[in-house]
Amino acid sequence: MTGADVVFGLLGVVCFASGVLVVTARNLIHAALWLVVCFGALAGCYLVLTAEFVAWVQVLIYIGAVVVLMLFGAMLTRTPIGPVQDLDSGNRPVAALAGLATAGLLGVLVVDAFRAAYVDVHGTAVGDGHVMGTAIFRYYVLPFEIASVLLLAALVGAIVLTGQRRANQAAPGEH
Amino acid sequence: MHLSLALGLSALLFGLGVYGVLARRNAVAVLMAVELMLNAANLDLVAFDAWFKDQLHSGQVFALFVIVVAAAEVGVGLAIVLSVFRLRDTIAVDRLRMLADRDPVRVGDTEPVP
Amino acid sequence: MHGYFGGYALVGLLGLLGVGFVAFGLGANRFLRPWRNSGDKLVTYESGVDPVGTDWAQTQVRYYVYAFLYVVFAVDAVFLFPWATVFARAGFGGLSLGEMFVFLGFLAVGLLYAWKKGVLEWV
Amino acid sequence: MTALEVAAKLVGCLLVFLTVPLLVGQLEHKAMAHMQSRLGPMYAGGFHGWAQLVADGVKFVQKESVVPSNADRQVFNLAPAVALLPYLFVLIAIPVGPGDSAHDLSVGVFFALAVVSVGVIGVLMAGWSSANKYSLLGGLRAGAQLMAYELPLVLAAASVAMAAGTLSLDGIAHAWHWWWLPYQGVGAFVFFTAALAELRRPPFDMPVADSEIVFGPFTEYTGLRFGLFILSEYAGIVVFSALTSVLFLGGWKGPFLEHQLGWLWLLIKTFALSFVVIWLRVSYPRLREDQLQKFAWAALVPLALGQVAVTGVVEVLR
């Protein structure tokens, strides 16, 4: 047990507990806010694993953008204050079984295979901006360019999806 | 630190994601559970990168790409959810059966609520 | 407290200190403030008139499109910042610049499309 | 670093976080008053009402805290802290002298932008949990505005990082030369304007437009929680002014004695920029929501992209 183990363990407990609340919360906005806690703890885990840049990308993109999109989505679909009963469908027991089976299978397999593996967090090169820049722009240029095409497609798709009925149906104004 | 700590956490998060996708009825909540699964995969990538001391830092670079793809996925996913909400006034995934082939009795469910 | 881990330990401690400050302030508030409850006081203030209906006014999907436009561009920051630290060094140079311009060019096409579709007009 | 040094740094950060925003607030009281031919606070503390904001703080702590019965109590109570604390983290990376910050993170600029972007969640929480139409509208407006202006902010910061070839804030201040003023001038304009919008300061205060939606997301707040929201606004002014100084005006660089007086040069630049923020509040009318979004996407983003392109070409040729 080293310091890294302890810190990672604590962050892991926070991450898992808030993850449980994400999938069981009775209110959609609460679930989204627990998602913030979960992602924040996960960013901390990345910091322990010396992935410095990835950790702050996690904060900027996931917490600052993706969760905000989720909150927008929840607010625009009129999530009321207070617990909501129909957030879950009827197949909770089956889902719990499937989730447990997946986690158990993955956990047993992977943990057993790497039981003795030890991460030397003090001996690895910290993944800061310079290291990541070198890696991406020396070895992974093609995926990087393809990502831009993917983003363009996603943007066009989202615009088409949200704006298609403007012609025949007056958009409800807030004024 | 022990690699199995990170791998165990990742497996647990993935299990939570599976549970959420199957148990949730609200489409936005389903998307949240999908995010949990993607993050579980990211944690694995970063952990193996650190363990392997990868010279190319492939794990971290791939984690970045996963984050980018996830952002695009959530954006389009929520756009679909909002469109469905505007048309049908509900985003309960088990009530949207318009594309279902059988079970004609339940087609009425997809009619917009006045 | 040196190097990478020392620095982030400092960040973590500062976070604890900040949370402590807010908790202390709110705790002091709890002991110092009066508490005279009445039903009327707990009604939502809104604009001073008694509230009508729920809090759900009509809102626009437009907000969502703006938010998503940001998300698409925010992920380009993910690549822009690491690129900024290396592109001027030996072995990268003009080629790397061209690669980034291609990337930004694709996103700019997206922005132009949004503009043409009238998404940026707020009517 | 000894434990004493660590404690000194942490307490220093917290003290700066609690005092400098008050000074900016007092400056706003007085500068606005004089621009409008008034005197402003004159009583509290004696000399020109210097203790006015301290008195305000003491008053806030003693005020009753009312939570509307329809509100979502937990989210409502947590929102001010979520809006305030991100700004505290940024202070740790801001250099106050050559190589002299609480801790010079190697991803400094990116860290600052990432942490600040969390604040929007606090505003959305406040808007949703108040159970109030105007709060919700204000929260959505604030969310859309913050996201729209985050982008030019990020692009302008990236341009400086490109020119300096590093993400560390101290490294950027080291790389700064006077000719960056014309070279990165467009970027500086974009960054500072976008920062104003991030802070929801006039002329970008549509989310709290009093004539339309009362006080936006903060309508239902009373007492200390309201005070924390106000503190977060002024802390934001300080943080963004300091960031602009470090990125575009050389931070601790000054005409002489940089090693001893670096903190003073930084403080002077920060206060000068804070004064501009106040000045703009007095001078400009509020932008309409459509003008506001259009300004971000049709003016600031293309300008910032152009600045990135110029910086890229210059740095590769150099």
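Letters are used for the chains, namely A, B, C and D, taken in the order the chains are written, and counting of residues starts over at 1 for each.
As a working rule, contacts are C-beta pairs under 8 Å (C-beta built on N, C-alpha and C of every residue); 3 or more make two chains touch, one makes a residue touch a chain.
All figures in this text were calculated on a predicted structure; none of them were measured in a lab.
Engineer: Pick the chain whose C-alpha centre of mass, unweighted, sits closest to the average of all protein C-alpha coordinates shown.
Structural biologist: Central chain: C.
Engineer: Subunit B to subunit C: how many Å between their CA centres?
Structural biologist: 21
Engineer: Approximately how many whole Å separate the CA-defined centres of subunit C and subunit D?
Structural biologist: The answer is 13 Å.
Engineer: Counting only Cα atoms for the centres, state how far subunit A is from subunit B in Å.
Structural biologist: 9
Engineer: Taking the mean of the CA coordinates per chain, how far is subunit B from subunit D in Å?
Structural biologist: That gives a centre separation of 34 Å.
Engineer: Enumerate the residues of subunit D that touch no fewer than two other chains.
Structural biologist: Those would be 70-71, 107, 110, 113, 131, 136-137, 140, 143, 147, 150, 166-167.
Engineer: Residues of subunit B that contact two or more other chains, please.
Structural biologist: Residues 64, 67-68, 71-72, 74-75, 78-79, 82, 86 of subunit B each touch two or more of the other chains.
Engineer: Show the residues in subunit C shared as contacts by 2 or more other chains, in ascending order.
Structural biologist: In subunit C, the residues touching two or more other chains are 54-57, 59, 61, 63-64, 67-72, 74-75, 77-79, 81, 83-85, 87, 104, 114.
Engineer: What graph shape do the protein chains here make by touch: line, ring, star, complete or other?
Structural biologist: Contact pattern: none of line, ring, star or complete.
Engineer: Mind listing each pair of touching chains for me?
Structural biologist: Those chain pairs which touch are A-B, A-C, A-D, B-C, C-D.
Engineer: If you look only at subunit D, which of its residues touch subunit A in the complex?
Structural biologist: 70-72, 75, 106-107, 110-111, 113-115, 117-118, 120-121, 124-125, 128-129, 131, 136-137, 139-140, 143, 147, 150, 166-167
Engineer: Hey, which residues of subunit A end up touching subunit D in the complex?
Structural biologist: 27, 29-30, 33, 36, 52-53, 56-57, 59-60, 63-65, 67-68, 71-72, 75, 79, 81-82, 126, 128-130, 174
Engineer: Using the touch rule from the top, collect the residues of subunit C that touch subunit D in their complex.
Structural biologist: 1-2, 6-7, 10-11, 13-15, 17-19, 21-22, 25-26, 28-29, 32-36, 41-47, 51, 54-57, 59, 63, 66-67, 69-71, 73-74, 77, 80-81, 83-85, 87-89, 93-94, 97, 100-101, 104, 108, 111, 114-115, 120-123
Engineer: Would you mind writing out the residues of subunit A in touch with subunit C in their complex?
Structural biologist: 3, 47, 50, 52-53, 57, 60-61, 64-66, 68-69, 72-73, 75-76, 78, 80-81, 121-122, 126, 129-130, 132-134, 136-138, 141, 144-145, 147-149, 151-152, 154-156, 158-159, 162-163, 166, 171-174
Engineer: Please give the residue numbers of subunit C that touch subunit B in the complex, ascending.
Structural biologist: Within the complex, subunit C touches subunit B at residues 61, 64, 68, 71-72, 74-75, 78-79.
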